[in-house]
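Just below sit the structures, each encoded as structure tokens.
Next come two complexes, and both contain subunit A; in the first it sits with subunit B, in the second with subunit C.
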Partner chain A sequence: MYKKNNTLLLYSIIYFAFLYIPVMLLPIFSFNDAIHMVFPLKGFTFKWYDQMIHSSRLHKALMNSIKVGLVASVFSTFIALLAAKAFTRYKVRFHQLSYGAILLPFVIPEIIIAVALIVIWTGMGFQLGLVPVTISHILFCTPFCLLILISRMEGFDKNLEEAAMDLGENAWGTFWRVTFPLVLPAVIASLLLSFVISFDEFILAFFLSSSDQTLPMYMWGQMRFPKKLPHVLALGAVIIVVTSLLVIISYWLRNLGNPSGKKSKIGGI
Partner chain B sequence: MINTWRKLFSKHESIRAYTLLSPALILVILAMASPLLLMVLTSFHTQVSMMEIDSTLTLDRYADFFSRPVYSTLLFRSIKISFLVTLVTLLTTYPLAYYIAFYVKKNKMLWIVLMTLPFWTSYLLRVFSWRVILGHKGVINSALMFSGAIDEPLSFLIYSQTAVVLTLAHAWAAFAILPLYVSLDKIDKSLLEASYDLGCSKFQTFWRVTFPLSLPGVIGAILIIFIPTVGDYVTPQLVGGTDGRMLSNMIQSLFGRANNFPLGAASAVLMLLSVSFVALVVTYITKKVSLRMS
Partner chain C sequence: MDDKNFIKINNLSKNFDDVVAVDNVNINIGKGEFFSLLGPSGCGKTTLLRILAGFEYPSEGSVSIDGSDVTDIPANLRPTNMVFQNYAIFPHINVKRNIEFGLRKEKISAEEVNQRVSEALKMVKLEGYENRFSNQLSGGQRQRVALARALVKRPKVLLLDEPLGALDKKLREEMQIELRNLQRSVGITFVFVTHDQEEAMTMSDRVAVMNQGKILQVSPPRELYDFPVNLFVGDFIGDINLLNSEISNIDGKNVKVLINGIGEYTIQAHTIINQNDTIVTGIRPKSINISSNDNKKSDIQVKGKITNTSFYGNLTYVYVSIEGVDKALMLSTAESLQGLSINSDCYLNINLKDIRVIKKNDP
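The block that comes next holds the complex of A and B.
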């Protein structure tokens, strides 16, 4: 509607730099041949990456994070898919209330959820570990998955489902043969994003996992030792590249073959 | 039995809907609502020794909380810091969301994706990089000393409330950009043209039309940033120092080394109550303001 505004454009570019420079520093220093992250840069080296690959505790933490992430993403996507179907296809009594309740874990400070789960989990006499971490991650990821899936379910023509019903498919057949293929890109996007969220999550894991470290906890533990720092930077650089790729793929999937032709409504999330 | 269930299932839409919703609702009840209730209950108990908790109901933990000044100081500081973070984030991202909504024509999605991408990269790493930037031997100090602008490292950069606010405003930017952009983008452009035709200046149009219409996005951003940041643990721990310590750092130690679950639970309850209260007040005021403006 407006033509040009160079002040705002300049501001946007500066803000853009503010957003990206801190993130880019880690990969830059991960190739720097020095222990401390100070300017000027010394030489170029791969040795921190070498050190990272050969750390066995890191491997264990990585496997823990992958396990938790896979279970959490599958469960939260499945739970959210069923809920998204209910919210978009049926008249739900107390719609706002149920919707709000399911989205609530997204806004409550994580530390409060973590502390509450410690109280109930240890109160029941269980050991802290990866199980309560996974449960808390499912709780935390489900709202994201629900928002992604609802925007896709609202995006396509409901007549397609009605046509299938008219042609004699039952509800289950309609869901698997018509609805599911249409929402599949969003399902994959939801799996990827919830995996990324769980993989990066620190607070819940920190409170609930006791000795079973996840990757963010491993990094947290190493950050205190200056000598260990460079290989954390190398690890951080790899994580940044991989998660960015996963997120870009999921953005692309969400707009892929969007039947209504509309771009996804809520942009990023 | 199965047949009656089937009949009910096909007859009542509500039953079908709630069957589909049940996994999500059970999750919320078992993994959130009941733990929270138990936490509230625990806040009325007493820690007797390392392993033992006396479950006689008492208000003593709340008395403890308010009788030791450090607790209320940390609570008020947490609220103050979150408030500042919310304000700074809104003020800095609004022009950006405005630019994308009204001036960017091609590749709007690309802009949005680029603005939200850093949010998906590990939160811990983003906070950590601020520690590295602001630290005594950090990027800014080393660069300034190398260039000869200063001889001694600037010590006020890190370990302060300002450092916490700056880091959090960076970390939560995406949560403001998205709701602001969505509400600005929805605004019917003919309303703006009407305002110009009626003789309003650009400034007046912004204050009387654009801004009030973008208030839903503003409220969304306030709630989504203010509530979670009150409980932030990582940022005060890494860049806050003693000056930037927040209530969550205290809660962590009560559930860790200090081992006082009831007092930790009471602190968490008070954090939750105060954040809900402030969020309600902010929403109420914003709504009142928007009514008066339109």
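The block that comes next holds the complex of A and C.
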């Protein structure tokens, strides 16, 4: 018999409180009728949300972030899908080395990547802007996508692909009729997750975007003006809800239709 | 090309790095034959099958099917189809779409596709299961889907990789008969891989016994059982009593051997025995007769003592120890053991024609 361990329970409660209470303050103060983030709360208002909706600079930053996020997620998922296929299905030369090289952006500090890219990009005579931001996001998101897709590709029976070949399909037909439908949940999860990563990425965008602000940069810019703070809180609250939903959906999709019924071992990011 | 050489496997070898999986194999398989590759796990039988399917390319040698060389033809362009060990039913599409999967590349009308799918379903007795998915089927049903999916392509050769391994005993025995009947009715050449000697024996026209990448013997089941070409085959196929023996003299096919615990006899060998071969003698359990007295009706009588009996319904296995032999001899009898029980003295009656001189080394 296990005894109930109250110490561990307490630890868990403190852990989650520490993790989520500061985040929860954002939505709370976003409805507070005051400029400063201090208790006690004044009164309930939607005016910060109203301000948020009517800020044209915010809209531009949001559109920039969405554009970058869409392109980055599609490209990094595509690259990762090809890499995952290669790593799980073929004898890749320098397997460990190339796998490690793709995952390296995980551990390289973003600021190093940012500095390196800014030097190369401007050195080649190109303008800073959303294009280098997107490229850097692809670089940064690909390892996440690769891990998601590899776990799915490894999880399904390779005989299924051989069966498709045996029944007359060539490599291309096998991929589209068997492999792709079976990894589709992971592909969608990879798209969502890389979109979210790109969407709230700050350092790379800060270095490489020049005057084309992304949403995190816009928020950072607004923080300097106390009067602008509340509508950033409102924006923050919306982002928390939307990204949480995306991550939950991606996690759910990743395990959906997993033939083994086992949950993926690598958790949500 | 004639019907006896429908599949020709010539000098085929396959190496994986340093490991020789298939070692210089030569086999001809006839049209419409039910041919089994039998051997212990790791003997290369599955690799050989995968080479026939086109999933592996041989390191050396060639394969031809129906007169054309397919050695370099990839799996999707070969006139072969495979039933996988785990069936490999596509989990994202239903039974009907699984079965018609391979027909898309064949330029036939939708009506013909439907007709062929329903024929195939009928053949494997799965009518009404069109809309089920793999996870809604039992192991036996999945296997039928895999069969239908392969047969609907009307292959020249059907390859089966231990398809009955995952089924329970009763279902396996049913499927053995069903598969055999199916093969007879469609007339397609079956190449069947198994490690289960009983399965190979009951179903096949001919069996190739493999070990360590080599083909040891290719024979009809009966011949394999009665005339094993070496010790491995004799031991692998069915039960056999093996007695240490030495060659005293060779005169053509007649070999004079000193059989440990039994005596010196001249036996007609079924393979060519040379003076420097090391041999054992083998006697099948069904060829030893047991009696309580010395009735002198057989060529050899040996006195022994019953150490154990086990009852299998239609047969009883009796273990008899004889002087000078470490391991008790096993015999099977369909009759009741009148007056004989454990520790009884008894006589074993053996005829010379039932004793096999078996080489220990490769043929």
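Things to note:
The rule is short, and it goes like this: the second predicted complex is superposed on the first by the 264 of 269 C-alpha atoms of A that agree within 3 Å, B and C clash if a C-alpha of one lies under 4 Å from a C-alpha of the other, contacts with A are read in each partner's own complex, and residues count from 1 in each chain.
Here, a contact is a pair of C-beta atoms (placed from the backbone, for glycine too) under 8 Å apart; a residue touches a chain by one contact, two chains touch by 3 or more.
Nothing here was measured: the structure is a model prediction, and the numbers come from that model.
Once chain A of one complex is fitted onto chain A of the other, the partner contacts of A:V178 are limited to subunit C, with no touch recorded for subunit B. Within the superposed three-chain model, A:L160 lies in touch with subunit C and out of touch with subunit B [touch as defined at top].
After overlaying the two complexes on the shared chain, residue contacts for A:K85 are found with subunit B alone; subunit C is out of touch. Once chain A of one complex is fitted onto chain A of the other, the partner contacts of A:M219 are limited to subunit B, with no touch recorded for subunit C.
In the superposed model, A:T142 lies in contact with subunit B only, and not with subunit C. In the overlay built on the shared chain, the residue A:G168 is in contact with subunit C alone; subunit B does not reach it.
Chain contact summary for the complex, subunit C toward subunit A: residues 53-55, 74-77, 80-82, 84-86, 88, 90-92, 101-102, 104-106, 135, 149-150, 153. The touching residues of subunit B, counted against subunit A in their complex, run 13-14, 16-18, 20-21, 23-25, 27-28, 31-32, 34-36, 38-39, 42, 92-93, 95-96, 98-100, 102-103, 108-109, 112-126, 128-130, 132-133, 137-139, 142-143, 146, 170, 173-174, 178, 181-182, 189, 192-193, 223-224, 227-234, 238, 248, 251-252, 255, 261, 264-265, 268, 271-272, 275.
Remark: subunit A residues 157, 159-160, 162-170, 173, 177-178, 181-182, 257, 259 touch subunit C in the complex. Touching subunit B in their complex are the following residues of subunit A: 1-2, 4-5, 8-9, 11-12, 15-16, 18-20, 22-23, 25-26, 29, 36-40, 78-80, 82-83, 85-87, 90-93, 98, 101-102, 104-105, 107-113, 115-120, 123, 135-136, 138-139, 142, 146, 193, 196, 200, 202-203, 206-207, 216, 219-220, 223, 236, 239-240, 243-244, 247-248, 251, 255, 263, 265-269.
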